[in-house]
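Chain IDs A, B, C, D and E follow the sequence of writing; residue 1 opens each chain.
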Amino acid sequence: MDIIAQLFAGLSLGSVLLLAALGLSLTFGQMGVINMAHGEFMMAGAYTAFVVQGVVGDAGVSLLLALPLGFVVGGLLGLLLEATLIHRMYRRPLDTLLVTWGVALVLQQVARDVFGAPNVDVRAPAWLSGAVQIGGLALPRTRLFILTLAIVCVVALALALRATPLGRRIRAVVQNRDLAEASGISSRATDRVTFFIGSGLAGVAGVALTLLGSIGPTLGTNYIVDAFLVVVAGGIGQIKGTVIAATALGLMQSFFEYSTTASVAKVLVFVTIVAFLQLRPQGLVSVRTRSLA
Amino acid sequence: MLELSGVTTGYGRTMVVHDVDLTVPDGALTAVLGHNGAGKTTLLRAVLGLLPVRGGTVRLAGEDVTALAPHKRVRRGIAYVPQGQQSFGQLSARENLQVVADAHGRAGRRRTDEALDLFPALRELLGRQAGLLSGGQRQQLAIARALVTGPRLLVLDEPVEGIQPNVVTEIYDAISTLTAAGSLSVLLVEQHIGYAVEHAAEFAVLTSGRVAHRGQGGGEGASADARKALAL
Amino acid sequence: MFSTQEQPQTEIDLAAAEALLGTDADRFRHDYLEVRGLRVEFDGFVAVRDVDLTVTQGDLRFLVGPNGAGKTTLIDAVTGLVRATGSVSFGRTELLGRSTHRIARAGVGRTFQTASVFEELTVLQNLDIAAGARRRPLTLLRRRQDTPEAVERALETVGLTALRDVPAGVLAHGQKQWLEIGMLLVQDAHLLLLDEPVAGMTQAEREETGALLRRIGSQRVVVVVEHDMEFLRSFADSVTVMHQGRVLAEGTVNEVQNDPAVVEVYLGAPAAESGAAPAKPATTEGDLP
Amino acid sequence: MNVFTALLRPGRARTLAAFGLAAAVLLLAPMVLSPFRLDLLAKFLCLAMVAVGIGLAWGRGGLLTLGQGVYFGLGAYLMAMHLKLADAGPGGVPDFMLLYGTGQVPGWWEPLRSPVSAIVLILLVPAGLAALLGWAVFTRRVRGAYFAILSQALAAAFAILLIGQQQTTGGTNGLNGFRAFFGYDLADPLNKQMLYLIAAGALLVMVAVVRQLSVSRFGELLVAVRDQEDRVRFLGYDPAAVKVVAYAVAAVMAAVGGALFVPIAGIVSPADVGVVPSIGFLIGVAIGGRATLLGPVLGSIAVSWAQTSISEQFPSGWIYFQGALFILVIAFLPGGLASFAGKLRRRRAAAAPGDAGASGDAARDHELVPERSPA
Amino acid sequence: VLCVVGLSACGARVDGGSDTSASAESCVDTSGDTVKIGFLNSLSGTMAISEQTVHDSLQLAAKEINADGGVLGKELEIVSEDGQSEPTVFAEKASKLITSDCVAAVFGGWTSASRKAMLPVFESQDSLLFYPVQYEGLESSPNIFYTGATTNQQIVPALDYLVEQGAKSLFLVGSDYVFPRTANKIINAYAEAHGIEIVGEEYAPLGHTDFSTIVNKVRSADADAVFNTLNGDSNVAFFKEYNNAGMSADDMPVVSVSIAEEEVGGIGVENIEGQLTAWNYYQTVDSPENTAFVEAFKAEYGEDRPTSDPMEAAYTSLYLWKAMVEKADSFAVDDVVAAADGITYDAPEGKVVVNGENHHIAKTALIGKIGADGLIHTEWSSEEPIEPDPYLEGYDWADGLS
């Protein structure tokens, strides 16, 4: 019984991590940009939900509206970031980490100045409140919703990358910018689209998080380290790996937490990941290269 | 087809190519020869727009493309095979061709087939990750990829480097066929003077980034002429 | 400082090579490369299988074969870059299973199909690093006071003396290849594995490089992978032909060139050999100065 | 080569001059600064020590370490533990353990009672941990972004671990309230001055060490490893060993910085060692110029100073300022402010021909995301 | 060795017998018609959410006092510093306020970590800190006045209330730091003495955002009530999860000691309505003093700004200092401390009395219930101010605690 409850808790935490990491698997995984402001894009998504609810009122309608709007808001922020800063830094990926960290600081402070330092509240719609009872098990509806949302996002992204030329183009540009240009692919356009989608996913994640936690200027900072770990452990640029890693991390955290404490669990999860990368330095799913070729 | 006048370009503030005039007539092959480090690759990169041109103009079929982004030039009919067996390493060989064919719809798919006919060995490798192919296989893939765009002007930087001899023959035969049909113009950088001069209508020898010598290809004395110019 | 306009033509200097190599020829006398039953597999795809190969000092060995035949993979296996089964020994040392840098310390050096030098470092620094793998830690912590003799010689040998303080990143393709060869020389490798060392060089430069390789080969164990048949004919002592991961033929240049199987998979129709098509490297005799 | 000609070599002469100037400025500070400002400066110098190490590991070696807080923290906590034990007297129990803990000193604290073993441990533990971790990670060829993210996770884990061990580490409170430093009363301004001078001396030594490492063959090798790790392997070096040395040296510098920070600031807490302070250490390095010798030091001191003084005037303004500075410098001036001077100089000389130019911009990233191999 | 490194700059050794406290010479300047005081709150960083409110109410108090003629006829001149939510910065800024700005007293701090960081600074420089937040007790510094509750004024009454309501088992949930851990130690001791079963004790790191596991544990433990010492953002995640898992105040009430009016909005009233809190002040306290305070605050900062316990304690702290100074007729620390005992003040929360011995103040405990209006309404009151007892010396069951 407890085991099943924990299993669900783990899956559900995994789906949250997955939502947070999915966009990163594009911007970090595919494009090599270490976007520390990803968490702040999530925050922007969450505040979008807050604003939408303020305008629309009805919690159900506003949630459904906020999801696409959060995507657009996150995406536009990403686009702006790409167009002003990132595009001049593709050849120095590690620097993007530092620049976007600066951006993250500024965005947090902007949120503080615009919405105030205290947390704000987004109400969950009635149809998401409470839990579904199965046997003695209570599965919170919000958690089920997020799980579903994560699956939808993964499938949509996988399809977009696999079934449309976009995916190929993104990977081509990342691997060899000059060659892509010289093959007739606009690397600027591709970069922007990729960054828009990746950041948009952060916005969606942010909207989803309003169902679970606090909505404040530091919302993103709580997730960013974990989200990067998921991408790294999954194998950079691998959606499949990201999904597996997120799930595994969620389960690990929840089971460790169950048998120890939340703090110890977090440390154990980190240690496990470091140990795991010893075994598979390129992450779960990795692309091989011919070393120097 | 292509007309360079007074092209000067380089890296940062260091100019490597100076004041180069060069034309590639429609349906003809123009060869650029030169020592290591003479600036041949640099010149081609400027033709593609991968390096900013600091002086002079690049005209493609009469249109001034000097300020155009590379991918726009490609859409106007240039295709480029860069030096050094470059590919999109993590894409499969098939995807390497598809990513280019995507922009061309049905024609892209047809030309993919045609390109693969030229390199039958590639057909069996289509599912493989391009980065794991052998050097020569990658180079074959690079030429195929360039052909898929259906270019009017093919820009080749030492295209047969690393390719096995019998395939080299086929590549040059194919180029001859295409140029002879008038459907393709070629700008070729080649160290094998033999090929270059044999197929070229004209050739230019680059020394320290400047055109030091021009000659007519094809004829009897052409090869000797080129070698003499190179020995400068 | 250096500027391209005045960039000197680089040229191989065999006299310098003499000074670099000529010291004690004797110490290499017993070196030979012995490959037995080598097999390399990539998730089910067998890139090299049952390869036996013996190369001795003084025998400038060329390794040819169609694209994808497994030549580079063979070199990768010998230098520890890919996992292989079978046996590779050099001198009396078994190389398989050792880590790359240990293999290098055992005297094995290689170049890469795509030139790879340290672009941020100057030509001199590149060579100095190559020369120093056996330096003691304390030496490493000291500043380089003057150019080691071997490095000076190597600079002259590959004709990069004038470019010694230029970052290697700005060298042209061929210059980088020469730099790599220079690095092999100062590295004091006894077994040199060169993957298409003359790709991208002009005819004249090929000649010079060939002469240099021959000079090195007279003393050390050298294996050259090359598709340029012209070059092969001029400099190879013996040739091994690979095809689909196996050794297809082995022998002198003439033997191999006239082997029908080699002609079939590699050189091309014999009709072309007769000279009708000057578009083939094998027939561009006119290119020889 | 005699000393005189060595001095005349432009690079060396300029460095020596800069070094001498820095030393003079540092030694003069106690005479012009109020005790409070001197204390602040001493604290900044401790942070600058971390920056010097990062300059070596990141600027030269390309190892973007987002977890220097761990080593800073190790040094700081080890020193703090020693000071706590020393304050408690022989066999005594630190005050916070009486309040929140079992009232007994845990076994792993005991080695820190002796001043000598405390100093040894402050140097050895971080070096050992860095070597172990570096060895494990580098031999498995974890690099670039992987390494950065991993080191960041390490900092996060370390902070959480410290917080969770309330009874033995003081938890979020950290350790504070030290009375004496190796027997010298910390309330005495004269002793504070002594601490300042120790910090200044240590910093100068570290700068000298990094300079020696950079100009040595090891420095060249480090750059080679940064650029083409695999190629280095084929020359017979073990790149992991090279990286481990740089990483461990950086760790020790961070630890010494941390150890001196404790008596000067009077406190160390998990807030000084986690993810945010770890990135904070990088700011000064990046802004000063990561690839230069004095850039990290000056950058770090300048940033600390700006943080203290700007936040006095505008609490939230500081965050905008910090963010903007970071964005502008890294995106538009990747060589840091140190390269700004160079740029100006070059612009003035722009007309002059034969200028080798901007190639080899030391600030470029060399460790691409591993899969992005230009196949 | 150190002396050699430090050239000749070697001062006193601890065992050298020199009197070090004399070195802390006060530089407070009271000669003019103004006197400086320092406000030290986190205006940036994670704690800014809470500490900004304290800062605001301190400013309000200072403004009122100045409008009323100042202290001993001298106008208050405020020096504000930002603690940046970091203990180290608090220590540094405290030092700056004392030695550089020469303030007569400092008001601020929130987290116990920040207080612990400042304590040695105030003691060694012999200056005064007024700390306005409820905390874990077990402390009493001659240089600090604690105007928030200590444990016997908040936690113990809350437990008394639960016992009164018939609670037989408790589940403890807290953030992983000193206040919750110490509070829970006290609760355990209390529970043992009162026959209450502690069925679970869980800690989450500060900022922890996923409470599904902890809520699972709470659910299956099925206690009579939950005692919540979570701090900050975690409360939002906890209550949302609690609610979503289908639990409410009716099934299993949660008593919180760190959720004030400010936080209710962020958690969402719908998630927390009907749950209990323990404090010494609510905005709804019905007294003329409070009406005046709330009105003044809203007039200054806007209608939508609630008032809360720490804000009130901070506001009160400034008035208490004023009273002490005026009684002592001096700004000197020693005089002020000597005058402190027995000072009373009619604070918005009711009458408070300074205890000169332990530097805490007597306060009335209030158990409140969160209403649909987002405000907290008193359910139960201790009626009388409770004497502060930071070491719980007056409670037998607490014997082994400190």
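Following the convention adopted for this analysis, contacts are C-beta pairs under 8 Å (C-beta built on N, C-alpha and C of every residue); 3 or more make two chains touch, one makes a residue touch a chain.
All values reported here derive from a predicted model rather than from experimental measurement.
Note on connectivity: the fewest steps through touching chains from subunit C to subunit E is 2. Looking at subunit B and subunit D, the chains in contact with each of them are A, C. More C-beta pairs touch across one of A-B and D-E than the other; that pair is D-E. Using the mean of the Cα atoms as each chain's centre, the chain most removed from subunit A is C. Computed centre separation for the pair subunit B/subunit C is 27 angstrom, with centres defined by C-alpha atoms. Centroids of subunit A and subunit D (each the mean of its C-alpha atoms) stand 31 Å apart.
Here the CA centre of subunit A is 37 Å from the CA centre of subunit E. Computed from the mean C-alpha positions, the centre of subunit C lies at a distance of 44 Å from the centre of subunit D. In subunit E, the positions touching at least two other chains are 44, 176, 203, 205. Multi-chain contact residues of subunit A (touching two or more other chains) are listed as 109, 112, 175-176, 237, 261, 263, 266, 287, 289-293. For subunit C, residues that reach two or more other chains under the stated contact definition are 3, 112-114, 116, 170.
Residues of subunit A touching subunit B in their complex: 165, 168-169, 171-172, 175-176, 178-188, 237, 287-290, 293. Residues of subunit A touching subunit E in their complex: 1-2, 5-6, 8-9, 12-13, 16, 109, 112, 117-124, 128-131, 133, 138, 140-143, 211-216, 218, 221-223, 253-254, 257-258, 261-263, 266. If you check the complex, the residues on subunit D that touch subunit C are 1, 212-213, 215-218, 220-221, 223-224, 226-228, 230-239, 353-356, 359-360, 362, 366. Across the complex, subunit B meets subunit C through its residues 10-11, 14-16, 33-39, 41, 83-85, 121, 125, 132-137, 139-140, 158, 161-169, 172-173, 176, 191-195, 198-199, 208-209, 223-224, 227, 230-231. Of all the residues in subunit E, the ones that touch subunit D in their complex are 2-3, 5-7, 9-16, 18, 20-21, 23-24, 43-44, 81-82, 84-88, 91-92, 95-96, 99-100, 111-113, 116-117, 119-121, 124, 138, 176-178, 181-182, 203, 205-206, 402.
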